[in-house]
Amino acid sequence: NSAIQSTTKKVEKAPKEGGVIKIGVLLPLSGVYASLGKNLQMGMELYFEGIGWKVAGRDIQLIVEDSEADPQVGLRKARKLIDQDQVDLLTGTVSTAVAYAIRDEVDKKKIPFLVSHAGGNDLTRSKRSDYIWRSSFSSWQIGYSLGQWAYDHVGKTVYIAAADYAFGREVSAAFKEAYTAAGGKVVGEVYPPLGNNDYSSYLTTIKNAKADAVYAFFAGSDAVKFVQQYEQFGLKKEKKLIGSGWLVSEDVRKQQGNAGVGTIASIFWDYHLDTKENKAFIEAFAKKYNARPTIEAMEGYDAARIIAEALEAVGGDASDPDKVVKAISNVQFVSPRGPIQFDKETHHIIQNMYIIETEEVNGQAENKVIEVIEKVKDPGQ
Amino acid sequence: MNKRMFISAAAILLLAAAPFLFSLFYLNLLAEILILAIFALSLNVLVGYTGLVSLGHAAFFGIGAYASALLSKEWSPQFLVTMLASLLIAAIAAAIIGLFCVRVNGFYFLMLTLAFSQMIYSFVHQSTTLTGGSNGLSGLPSPVFGTLDLSHPVFLYYVILLVFIVMYIVLSLMVKSPFGHVLIGIRENEMRMKAIGYNTTLYKYAAFIIAGAIGGVSGALYSTFNGFVSPNDVYWTMSGSVLIMVLIGGAGTMIGPVLGAAFIVVLETIVSSYTTMWTLIIGGVFILFVVFIPQGIVGFGRALTKPSANRLSFSRKAKALVKKEANQ
Amino acid sequence: MRKEAEKDVILHVEGISKHFGGLQIIKHVSLTVKKGERIGIIGPNGAGKTTFFNLLTGDLLPTGGKIYYKGKEITRMPNFRRAQAGIVRTFQKNNLLNELTVLDNLLLVLQRKRGMANIWFKPRNARRWLALFEEAEHLLQTWGLADIANERVKTLSYGEQRQVEILLGIAMEPDVLLLDEPTAGMSQAETNYIAELLRQLPKDITMMVIEHDLDVVFGLAERMIVLYNGSIFIDGAPEEVRSDERVNEIYIGKEKAAGASYL
Amino acid sequence: MDVIAAQLVNGVSYGMLLFVITCGLSLVFGILGVLNLAHGSLYMIGAYVAYTMTSQWFENFWLALIVAPLVVAVLSLAIELILLRPTYHLGHLSQVLLTFGLAYVIHDVTSMIWGSDVLSIPLPPPLSETLHLWNQDFPAYRLFVVAAGVVLAFCLWFVQEKTRWGAIIRAGLSDKEMINALGVNIKLVFTAVFLAGGYLAGVGGVIASPILGLYPSMEFQTLILALVVLVVGGLGSIAGTFVASLVVGIVETFGRFLVPELSLFLVFGLMVVILICKPDGLLGKQVVRH
Amino acid sequence: MLHIYNLNAFYGDSHILHNVSLTVERGKVTVLLGRNGMGKTTTIHSIMGMVPARTGKIVLEQIEIQDKASFQVSRLGVALVPQGRRVFPNLTVRENLMTTYRPVEGGWTLENIYAMFPRLKERESSMGGDLSGGEQQMLSIGRALLTNPKVLLLDEPSEGLSPLMVREVAEIIRQLKQQGLTIFLVEQNLAMALELADFVYILSKGSVVFGGAPDELDAHVKNKYLLLSS
């Protein structure tokens, strides 16, 4: 099909009876976010394997493309998936920038797109599209959920330290919104660059500020460095460290040694969540990969299930994107993270948020769920 | 000469026929190649002709991209308007940055350009309200020309092709002009050029501005083409990959950077669809190039066709041409 | 300086000095050069001859003193501007566009001289270009370099490069031509040839020649300056200098090796 | 006042960390004239090898500090002999491309071996303590980094300025053919210098990783930082690199303290200011070309 | 001491030396003359291993050196004073001299060199690149002597030197010869060359066209190969 043909004539997608359903998966498989991407992919594959790679009698094929967490590359790859591979459905993107970058393309070409990680608020707010649904989280959910709790249980003043990029800013703004609404006071804010290597200067500043606690948003290697240096520079014994779940998530906690112990964080899933769905998930994951699942693996697992259930609901006929997104909107089940369903207004997931605390268990730092905030919805604007 | 004309005509025809030959995906890839080729050509003015190796050329690409994005969003989606305005803004930025950069040489020039581009990156990355921060600006209005909507990929492709051809012609005329010869002279021996009476700093400055302005055009095309712009456009990795395009293709030639851009884009897209270890393969290719084809793709082609071809010697060719024209 | 004398003075140097760190290399040198004069500059190695040239051309800026050219002060004028104004030099150490051909080197000079350097696009006017090539070819013929016109400079032998160095200076159509050891490294035959050509240059070109080949410099100069330790030691007629005992002692050193006939 | 003093200590220790990271690059580029864009990669390999050693083979950090850099040195030797030696004559741009390609290759090879997770090396026991200075806590390991930086700087300076080696290398940089004709096997010397540069990169990786951690793409971040320090100091001078490390460390630390909003701009802004005022860096020598 | 047999040397595709054969005798001054571009420097560079010999042999005291690297040739006791001086611009005068110094009992020392060229001592800590042309020439000669060679290759050592210094250098060459050093001299200063020479070769277009004692070099030969009419 030449470009002229495919753009002038509307090529009808025939409901291919018994043919494969192609799902385009756009994830960063190289670069800084590679391990997130890989975990998402592992989670998806785990689920699809569980259902024998078949939905409503049709085979499922994942076409995975490396977005390199670069919006340009992401768009190029999305076009490949859509135009070249003719996928029925798109899922993935760790980076919000990539999700934003392909938003118009997906919207224009009417490809159902289930966002399985990227948390930028606008995706289900100002950039909302009929074809875009998000099963992961929004920055707002992460930050906002800890505000009230922190005021009630931690202290009346906090200092905010967050990585300087859109996500870090959005999460800390949401926290601040909730925290100040509860009556707390933010005494200072600092935004070290993403990938900063030495926090000593910031930490000295924070140490000398009068705050009961520090709300931090860092992830990956930044989280390791920040939490370690937080302890080394003697802040841990003076100010409680609170933040998003990524500060002490599965992929960094071990590397932090015991520096993270005592940290309070809010998140939508934790390894130690004590439900039978979670137990089953962890067991299945461990059996297949011989490792603990991370939160991204859980996101991939859920995304796969949502896709499968939606496809099941349309009887395996993915030819009409509107029907597919409608089916997605109706999916609800109890996931390893608790009960989930979609907000039909915002296209964003409604889920529980958990307050977790890191503690030392047999010399290892482990998280414990200390509070559940049920059915958190994104306000959608 | 005739052979050359023939090849050029064939190439243009082939490019013009592309929408009828290739699928949409490849057409889009081709459009992207053309845009990056303009970008590489603009850098080549500095690296290949003037001998100034810049590792901050993405600054102008990014400025063009953001300028066009913001203008189309806030002001007017008129293609010509955004394009010219971006060119102008990039040129002004180059005029300011160049003021400092052309005073230093060699590695210091490389690092100074890097520093400026990284500062622009920092700005873009941080000023969330204006530029969307790390998420970039997306959902840009599709470009229009007069009342003609250019959002259709085939239209857009032709527009890009047109800009590419114009830029290619403008630049090749420039590098073969006396002005271009002066740049080459500066690359070879700046001190001697001064002794001959050339204000080399001014020429370098001019080259810097031209390169910046055209870099801005390519950036503007890119954001128009993609419908979004992100800080990656300004990041040093962008400067790095365009430098590699120039080097792999063959610095100091016109067709080299174009081939380099095509080679890198195709390689990256194709290889990374098959393996996540694509950096390994691309890195390996770079190494093989240096070891076996140090002159770049163009040099390789030349070596195949006429083994003892000298490097660029502008007078001999020009002389033959002039003699011929004078005879007519 | 008196008014009427001023008219034919082309270059006037007033007490210039140059320090490098603690070393004073040029010490308060003053000099007046008349239009069309041919001055030979000699002096021991390291006397400051090249440095003096560098000050005149603007390749170095003096630490004190003033330089006037055609009645205007040029002490701080950048080197390329002086070159445009007609003060042209050749380098003691070959300093050419090594990757380009001899013809290319020459064309870069000529295109500027003929006001074609700021054409940004390929010239339409082929006639003008042809004239330029013809001029270049003529020059190459005259200076005996036609055979190597299309050789790249870096593939030339040392002596051949020296000749190109001079040719570029001549092609600049200088008002003041500063030649820094023009014939060093040339064979005797070439030296004779080039020296003769230099002698035949138009009389209105003011020329200053640094040269250790005494035959060349005495054959060319009508006024001799001996530079010693950064100061002008003697400034006078060639015969005067030649027979000066002190010059013999510090520079030629006749009596030291009496038998030597090769100087 | 205490805060200022504490920040000064932070700045110095960060500066010395930068020096430890940069000195290998400074040696190879400033002295050998090879812009080694794989420097960060060699640094990274040093860190990863040390990680494997301390976490899997033996627990001793100090042993890893001795052994891991040797591994990197051997690798550098191979790189020099196989890739650089045949391509020196092609000039700087080719080396840029070559070493960049190498960085890409190493990037994937390390992620193949060590994965793309974030890793870290715990602080070695006697230095994992926290010291109390000026009312502030300060990790003892950072003082070790300062000491290591000073020792390295002194050794390098001594070799470069006070031994014939330094002169031979500088001579080779300006005219390889000639120094060869005077009886010096300059190829061997270059190999040795590159090897030493690789060794230092490895040392940098081992020393820095307990602070900076190990994560994918760390090498490019390190490389850029090292390049900045290098130019700020000026090429060809270990003393320059040393001063620049301190300046960058202190300016960044205080910048982050006083105007944290400008954190991202600080390093590059500093570099721009310095290069505009001193086009050859703080202590750079004008490299004479002939 | 040094024999060249049928040497052919190329730069890329251009054939520069055609079957050059010549002999440099032990303890003698052998002079190579020729106009610009005839291949003198190429010959010297071939001996030094800086230009590869495509065919032919170069033998130094029974050792074939045509395939050796220049540093090996140098270590066999050959030193070069190159055309264009080629001092190391970024090394001080002292470093230029001492970096490749090879001490030999009773051989050249830094003091000797400084005594011979007092100018260098005055400039001891200047950078090589800052020296005047003539000073660089002295430095280049001094540098070669300090490797204490057995064979000295001089490529136009008088270039850029004042007459006084030319005399000085001629005197040095004479002394060196007396000390038993073998000298191969390329020189444009004909008078000086002929006075020092024990044997003369003339190179024309890459071929040896004359070889003989200096007094055999009559006007005819000079006219024919050096284009000198006397």
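For clarity, chains are labelled A, B, C, D and E in written order, and residue numbers in each chain start from 1.
To be clear about the criterion, a residue touches a chain if its C-beta (ideal position, glycine included) is under 8 Å from a C-beta of that chain, and two chains touch if they have at least 3 such contacts.
Note that this is a predicted model, so its numbers are computed, not measured.
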{"item": "Chains contacting each of subunit B and subunit E, listed by label", "value": "C, D"}
{"item": "Neighbouring chains shared between subunit B and subunit D, ordered by label", "value": "A"}
{"item": "Longest centre-to-centre distance from subunit B, chain (CA-based)", "value": "E"}
{"item": "Mean-CA-position distance for subunit D and subunit A (Å)", "value": "36"}
{"item": "Between subunit D and subunit E, centroid-to-centroid distance (C-alpha), Å", "value": "43"}
{"item": "Multi-partner residues of subunit E (each touching 2 or more other chains)", "value": "none"}
{"item": "Numbers and ranges of subunit C residues touching at least 2 other chains", "value": "93"}
{"item": "In subunit D, residues with contacts to at least two other chains", "value": "108, 261, 264, 290"}
{"item": "Contacting chain pairs - touch in the sense defined above", "value": "A-B, A-D, B-C, B-D, C-E, D-E"}
{"item": "Residues of subunit C defined as touching subunit B within the complex", "value": "57, 59, 78-81, 83-84, 88-89, 91, 95-101, 103-104, 107-109, 111-112, 116-123, 126-127, 129-130, 133, 150, 152, 168, 172"}
{"item": "Of subunit C, residues touching subunit E in the complex", "value": "20, 42-51, 92-94, 148, 155-160, 162-163, 181, 184-192, 212, 214, 250-253, 256-257, 260-263"}
{"item": "Subunit E residues touching subunit C - in the complex, by the definition given at the top", "value": "11, 14, 34-38, 41, 83-84, 119, 123, 130-135, 137-138, 156, 159-167, 170-171, 188-192, 194-195, 226-228"}
{"item": "Partner subunit D, residues of subunit B touching it in the complex", "value": "47, 53, 100, 103-105, 107-108, 111-112, 114-116, 118-119, 122-123, 125-126, 236-237, 240, 243-244, 247-248, 251, 277-280, 282-287, 289-291, 294"}
{"item": "Touch list for subunit A against partner subunit B, complex", "value": "1-4, 6-7, 29-30, 34, 65-66, 68, 70-73, 75-77, 79-80, 83-84, 96-97, 100-101, 103-105, 120, 122, 127, 164-167, 169, 194"}
